[in-house]
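Common to both upcoming complexes is chain A, partnered first by chain B, then by chain C.
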Partner chain A sequence: MSKSFEFPKIHSFPPFYTKQPNQTILNQQLESWMNIVLTYCEFYKITSLSIDGIPKFKSTTEENNALPPIFSNDEIKRNCNSEFKHLILQHLIHQHKAEFINQKKPELGIYIYWRSLVGWSDLLYQYVDKTGQRGAILTIYELTQPDDSEGYIPQELKNLDTEFLIKIIKEVLVKQGKAQLLINEDNEIGGVKIV
Partner chain B sequence: MNHDENRDAYIQLGKLLNQKHSDQLSTQLQVFQNALINFAIEHGDEIKSNSEFKLKFTKICQSINIDPLDLLIYTNSTQKKRSQNFYIGLSVKIIEICQSTRDLNGGLISLKELISIINESEIKIDVDKKDIEKCLGQLNKLGKGFEILNINDKLLLKFTSLDNLSNDQIKIYELCNFMGGVVTYKLLRDNYEWDNIRCKTVIDEMIMNGFLWIDQQGDANEWQYWEPSWISH
Partner chain C sequence: MGQQSSAPKITQQDKAIFQLKQQRDKIKQYQTKLNYIVIKQTNLARKAITNGQPDRAKFYLQSKKRQESVINKTYEQLTNLEKLIDTIEFKLIEKDVIYGLKQGNEILNKLNNEMKIEKIDKILDDLEDNKIKVNEVSEALGSGHNLNRAEEDEVDAEFNKLNEEINGVSESKLPEFNQLNEEINGVPESKLPEAPKDKIMPEIPTNEIQEPTKEEEASKEEHKNEPIAI
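Entry: the complex of A and B
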């Protein structure tokens, strides 16, 4: 990817990095931050962030340090302190645009939903349906790895975080009765059948 | 050619085709938008008089991302003498912009910013200060709500129903203008010889009204206070 993410003007407004005391303004500020996080993550295909806002998993190959940071701006020497960062991420969670990877262990980071779980599951289901693989048993690996010489796997699904993929299958497709997860003897997920 | 090279070549070709396709589509969309604008200019009266036609036309506009309001303003701006409808449309547009930016700027928007937002819309509409003033004149007939303030030659539109800005508040905006959008207690003391209590009263009030944003990282010793219209500079 050659172009880097273009932040909106407000990202260069110095007080944007200080939590505003006026509640109306603060809501607006959190809303602006949320939009930045979502468009940024979508741009770099980031599906999860650490609780300090560092990309945890993305399906592009770029190094983390090649990405411009979200929560700081070196040009104006400003950054959000961790308390404010957590407030922003909390706002995303409230708006159902993010979720803790593990509710009991918030330190593991959060999933970012610039595309909803249902949206992801639609992509996956369409792919399996279109390629005539409904009813076949597929490994998790098969569903996301890019070495499919035929090029059937949609770009969006390639290299997707497997934990995230399992979550999509479990929380949407299994609940809709469209998928079954197969557990092997080591109690690991061996494969998935999408019907 | 080995397998990998082959695949790369295909991927490149695919990308090229996609790019071509999307270019073509956006050209088509552009053509269609232009056609629609011309249609609106030519058949304006029919659209206006037939409500079913009008509804369908509005739906088409929305489906190709044209704001019917922009279209109304545009079709009425092409004549030499701008019609009453032009000013009504533009007045509605001004109210829309004021409402959507209110939470960011507390109800005080620079005229420059307002005009640049209007000119950014999908259809190019050229408006200037005079047009805005004329609209405000009309709007104020409905009850006073809009007022243009001149602070150091910078024009600001105040559109809240809040009380007037106090003299002290105006002085803070004056100083902001000189300082590139920012003031501190120290600057106020040095320039106006205000004591701390006076600074605090005015600044706290302006923060509560959304006229100033706090910045705790500008200077190690002192907080800074920024005027939000800086965002659009």
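Entry: the complex of A and C
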């Protein structure tokens, strides 16, 4: 990607990397961190972060080390310690902007919701509807790994984390009665029928 | 997951298509892998040539060629699978069309049964009976309520007189007058705007007016036979 993410000024402010003792200031600090995480993830299309804030899954193709780190700034030689990182991520979870990938295994990382699950499901549903594929059986693979013959998967859905896609389908479309998942022979979710 | 009663049903055909599509996905994945190998082999061959190892370069290129022919074979398989998927999907649509035709036909049959000529005749018959009854009733009532002809004429004359006094013209434009006039003479005054018919004869059921002309004629014929029918 030609342009890299531009952090706000506060990202170059040394005290920003240390947990502030004053509760009011701390709240503001967490709020600012949340906004940075969300805009950062949206910019690089990152849908999940490891528990240490390293991008786990993104739909763009850059290598992780090509991205500027979120929780550190080399220019001012500051970085958040892991305790503070966890506090920030916890704040995102409290604000419903993030969720553990697996509630029982927090070490697996978190999903970042710079777009809500409903927003994602709308994108998916619109795509299926517009392309006349309602009622057809679609494999998860063809929804995320389109080749050129397959066509017009919206850019936003291309190369989406399959786990994440399944979560979107499961938690929104299935609950709305608009979708049914299909299990393949490996007992994994492999397809979906959206009506 | 208990509240999934409204979830779309997965049919046997859906499962079959799902299986086929999964096979297709696997082939595609396999192709991706082969393509990756081909690129890798090409790079290795290039490297070998720059390093002055022509034999090795050839080996890589041969290997690459083999992979490429495998890729071509997988494309054939892919085409077969996709054809099969398309055929199944199209057959399903045909099935829907046939089902639709069947449904339409059934409904048409039902409607035709409902519109048997005898039934319609009987309905029109009954209608005629009822009309006569209504007329009888309204006549019976009407004689009590309405003014007789002489009285109506007097009203008319008085109205004209008053009208002349006030407007200086005998021409009347009042709708009431028009109605009365029509009721008595049965002819609407040509100068006046068309009077709404339902206001003229409120006692007569509207269905008489709405009757299609053909059926009306038919019903008139029935009407002659009426006493026998009763």
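Quick note on the criterion: the second predicted complex is superposed on the first by the 189 of 195 C-alpha atoms of A that agree within 3 Å, B and C clash if a C-alpha of one lies under 4 Å from a C-alpha of the other, contacts with A are read in each partner's own complex, and residues count from 1 in each chain.
The definition used in the following text is that contacts are C-beta pairs under 8 Å (C-beta built on N, C-alpha and C of every residue); 3 or more make two chains touch, one makes a residue touch a chain.
No experiment lies behind these values; they were computed from the predicted model shown.
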Just checking: does A:A66 make contact with chain B only, chain C only, both, or neither of them? Give me first, second, both or neither.
neither
Is A:V118 touching the first partner chain B, the second partner chain C, both, or neither of them?
neither
Considering only the touch criterion stated at the top, classify A:T24 as touching first (chain B), second (chain C), both, or neither.
first
One more residue to check, A:P14. First (chain B), second (chain C), both or neither?
first
Between chain B (first) and chain C (second), which, if any, makes contact with A:R78: first, second, both or neither?
first
Go through the superposed model and pick first if A:Y141 touches only chain B, second if only chain C, both, or neither.
second
Partner chain in contact with A:V195 - chain B first, chain C second, else both or neither:
second
Partner chain(s) touched by A:A179 [first = chain B, second = chain C, both, neither]:
second
Once bound in the complex, which stretches of chain A touch chain C?
135-139, 141-142, 145, 147, 174, 177-180, 182, 184, 190-191, 193-195
Which of the residues in chain C come into contact with chain A in the complex?
4, 6-10, 14-15, 17-18, 21-22, 24-25, 28-29, 89
Going by the contact rule set out above, which residues of chain B touch chain A in the complex?
3, 7, 10-11, 103-104, 106, 182, 207-208, 210, 213-218, 224-226, 228, 230-232
Quick one: which bits of chain A touch chain B in the complex? Just the residue numbers, please.
9-10, 13-18, 20-22, 24-25, 27-28, 77-79, 149, 151
